[in-house]
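Structures for review follow.
Here subunit A shows up in two complexes: once beside subunit B, once beside subunit C.
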Partner chain A sequence: MKSKASNIGFIFFGLIGILPFFAAFIYALLYSFGMVGAANSGFTTEFWVSIWQSGAFLRSLVYSTAVAGTSIIISVSLALWLTLKFRKELEVPFLSFAMYLPLAIPGIVAAFFTFQLLAKAGFFSRIAYAFGWITEARQFPDLVNDPYAIGIIATFISIVTPFFLLLFLNVYKNERVEELAQLSQSLGANKQQTVWRVSLPVLLNKTWTLIGLYFIFLLGAYEVPLILGQESPQMLSVLIIREIKQYDLSRLSEGYVVAVIYTVIVTTAAVLLFSRKNDVRHEG
Partner chain B sequence: MKANWKLFFLGALVILVIFPFAYLLLLSMASEWRFPALWPSYFGLRNWEQVVSSETGLISSFFVSTAISTCVATMATLI
Partner chain C sequence: MFLEVQHIVKSFHKEEVVKDLNFTLAAHQTLSILGQSGCGKTTMLKIIGGLVRPDGGHIYLNGNLIDDVTPEKRSIVYLYQEDLLFPHLNVFENIAFGLKIKKINASEITDRVHLMITSLELQGQEKKMPHQLSGGQRQRVSFGRAIITNPALLLLDEPFGSLDTGTRARMQDLFKRIASEFRITSLFVTHDLKEAILMGDHIGYMQSGKLKVYESKESFIQDDHTGVQKEIDFWKGLTK
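Let's turn to the complex of A and B:
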């Protein structure tokens, strides 16, 4: 009975989760080779060559990886530090509720909020003016739509850190890291050794797949870089949508080329992540 | 001293979490807020009244969003 129910679940997962994704991928692949689409006349590799020669995709990939990587490293470090330093205080119901609150903010609202704070005529610029640090709006540094993606990274950190904090707090409790730390100290380890050799390895070992998945999620984020990103290079999803939505039908196929490469990279990364996780389980 | 430092930090963290909600509420009630004014020249419910009276699709999009998220959550949990 149980296996029948799980079979139905698997079929549903295939129909709803895998089939549309697979169909969309095939459609994008055919479009990228000119085999589908009103403006295309048959098989060609010119769109692939054009994307490769323009370098837009590669720039965008490096830029997205750098932005997502920086955001994840800062968020995870911050969440780990808060977990190890404030875990007891964060058990207070009000504080744990306050930590949940940012998870309720959608990405687009968070991006809008960051823009209102960091733009040249934003909240911080007004404060700088009131203190006499600047005399006109344009003297305020570029913190949104800037080349270093400061606005995007700040928004990602504010969205992602609460999630990792809650994750690490749960793992800390479930994996009995407190007891392990006490044990290591009773065996002669000092505080630093306990943190670096016991607490951090246990926390990271149990969560690195999720950290990897979140990195992939940020790599493909759309709304935040759309509002806070610069014109070029753009993050991958913004680049894909820009290419697909433009009026020039002949360039539609180039958008699909970028979409196909991106899908292949992300799917490969996800498969590698999960296969390595399974290997670790088998070894364990 | 150590406890004070922790208390101060946690207080700052709570303010950091609550500030976006308060600031967005302020933005929704503010208008004619030009640079470099620190406070809007109008503060009241005008924007809210305008949205409620003129935006015809607001309630329907709220229901569509609720329906989609309920459906996705239910299906994902069942599967």
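Let's turn to the complex of A and C:
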């Protein structure tokens, strides 16, 4: 009975979770080789060669990885610091409720907030003008649509940090990190050794899969880099949509090439992440 | 005396949890302390271990006042009620933790840990993670990790409370052997009457934050408050 139920569950998972994704991937793959599509006339590798030679994809991949990686590293570090430093203060009912609020704000809204705050004609620019720090708007530094993706990274941090903070606070309680830290001190470790050898490893050991998944999620983020990013290089999702939505039908296939490569990279990363999740670390 | 506890008091939110705690303990001896849940046993141990600050009183260890000494410098290890192992480290690494903190060289750590693993009858389990061990094995690792650092004083807070009867009996034997082998000075807190009598060279009884240490096991058995007489009467009643 149980195995029948699990079989049905597996079939539903296949039909709803895997089949549409797989069908879309096959369609994109065929499009990228010119085997489907109104403007295509049969198998060709010219779109793959073109994407490879233009270097747009590689630039976009490196740029996206840097932006997502920087955002995750800063967010995780900030959330860990807040957890270890202000855990008791964050347990106050109002603060623990307030931490959930940023999670309810959609990415597109957060991006608009950032734009309103950091743009040359935005809130901070006006404050700087009012205080006489700048005499005209263009003197305000480029914080949105800028080459260093400061606006994108700031928005990602504001969205992601509360999530990791809640996660770490829960793991801190469930894994009894406070008692482990006391035990570590009792065994002779000072506060710094306790943080580096006990508190941080326990927190990260329990959460690194989620951290990895969030990195993949940010790698493929669309709305925030669309509003706050620059023209070139663009983050992967923005690049893919730009290529696929082009009026020039002959270049549509190049968008699918990028989509196929991106899908393979992200799927491989996700599979590696989950296959290593149950590995047990041994040291003699 | 090796350990001298003088006039320790501690309150939480106006509730006096530990009341004028006074006792002494000679080196290489075990004082078992019997008491019901909530009588202040854990707070007492945490105060001695430096994990909770008392409201008043003094503690001397080997003649030195340790009131202001931080937990990591007291050379007192507090063992939790549960077998609290570091979940990200395997058996070897858990036992080696205190030695690595002291930056002892790697080959000496390996030798001492393997010796301890043999003493604890944990051969072949070195690379297992805590979740792969049984309750008794976890408790043994917990012991080994504490003892290997050669602490001046070991504080055991109902260490066998979560074990089944058979495992508990084996662990009691093991602790007595290890305590004798490594010449351990310890406070052994328990709410089990038989365990208190079995484990301690001396016995104390704690009730509502006050501790009474008995001069002999006989005087402990004679005292009506400890419940030993009731227990004896119960078993005698069964045999009639």
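Definition applied: the second predicted complex is superposed on the first by the 276 of 284 C-alpha atoms of A that agree within 3 Å, B and C clash if a C-alpha of one lies under 4 Å from a C-alpha of the other, contacts with A are read in each partner's own complex, and residues count from 1 in each chain.
By our rule, contacts are C-beta pairs under 8 Å (C-beta built on N, C-alpha and C of every residue); 3 or more make two chains touch, one makes a residue touch a chain.
This one's a predicted model, so the numbers in the text were calculated from it and none came from an experiment.
Novice: With both complexes superposed on chain A, which partner does A:Glu175 reach: first (subunit B), second (subunit C), both or neither?
Specialist: second
Novice: After lining up the shared chain so the two structures overlap, which partner does A:Gln53 touch, if you call subunit B first and subunit C second: first, second, both or neither?
Specialist: In the superposition, A:Gln53 touches no partner, neither subunit B nor subunit C.
Novice: Which holds for A:Arg197: it touches subunit B only (first), subunit C only (second), both, or neither?
Specialist: In the superposed model, A:Arg197 contacts subunit C only, not subunit B.
Novice: Scan A:Gly9 for contacts with subunit B and subunit C and give back first, second, both or neither.
Specialist: A:Gly9: touches subunit B, not subunit C.
Novice: Given the touch rule stated above, what does A:Gln185 touch, subunit B (first), subunit C (second), both, or neither?
Specialist: second
Novice: Answer with first, second, both or neither: which of subunit B and subunit C does A:Ala130 touch in the superposed model?
Specialist: First partner only, subunit B.
Novice: Spell out the residues on subunit A that touch subunit C in their complex, using ranges where they run on.
Specialist: Going by the criterion above, the answer is residues 175-176, 179-180, 182-190, 193, 197-198, 201-202, 205, 280-284.
Novice: Note which residues of subunit C are touching subunit A in the complex, please.
Specialist: That would be residues 49, 51, 70-72, 75-78, 80, 84, 86-90, 92-93, 97-98, 101-102, 126-127, 129, 132, 145-146, 149 of subunit C.
Novice: If you look only at subunit A, which of its residues touch subunit B in the complex?
Specialist: Spelled out, the residues of subunit A in touch with subunit B are 9, 12-13, 16-17, 85-86, 89, 95, 98-99, 101-102, 105, 109-110, 113, 116-117, 121, 123, 125-127, 129-130, 137, 158.
Novice: Using the touch definition up top, name the residues of subunit B that touch subunit A in the complex.
Specialist: Result: residues 6, 9-10, 13-14, 17-18, 20-21, 23-24, 27, 35-38, 75, 78-79 of subunit B touch subunit A.
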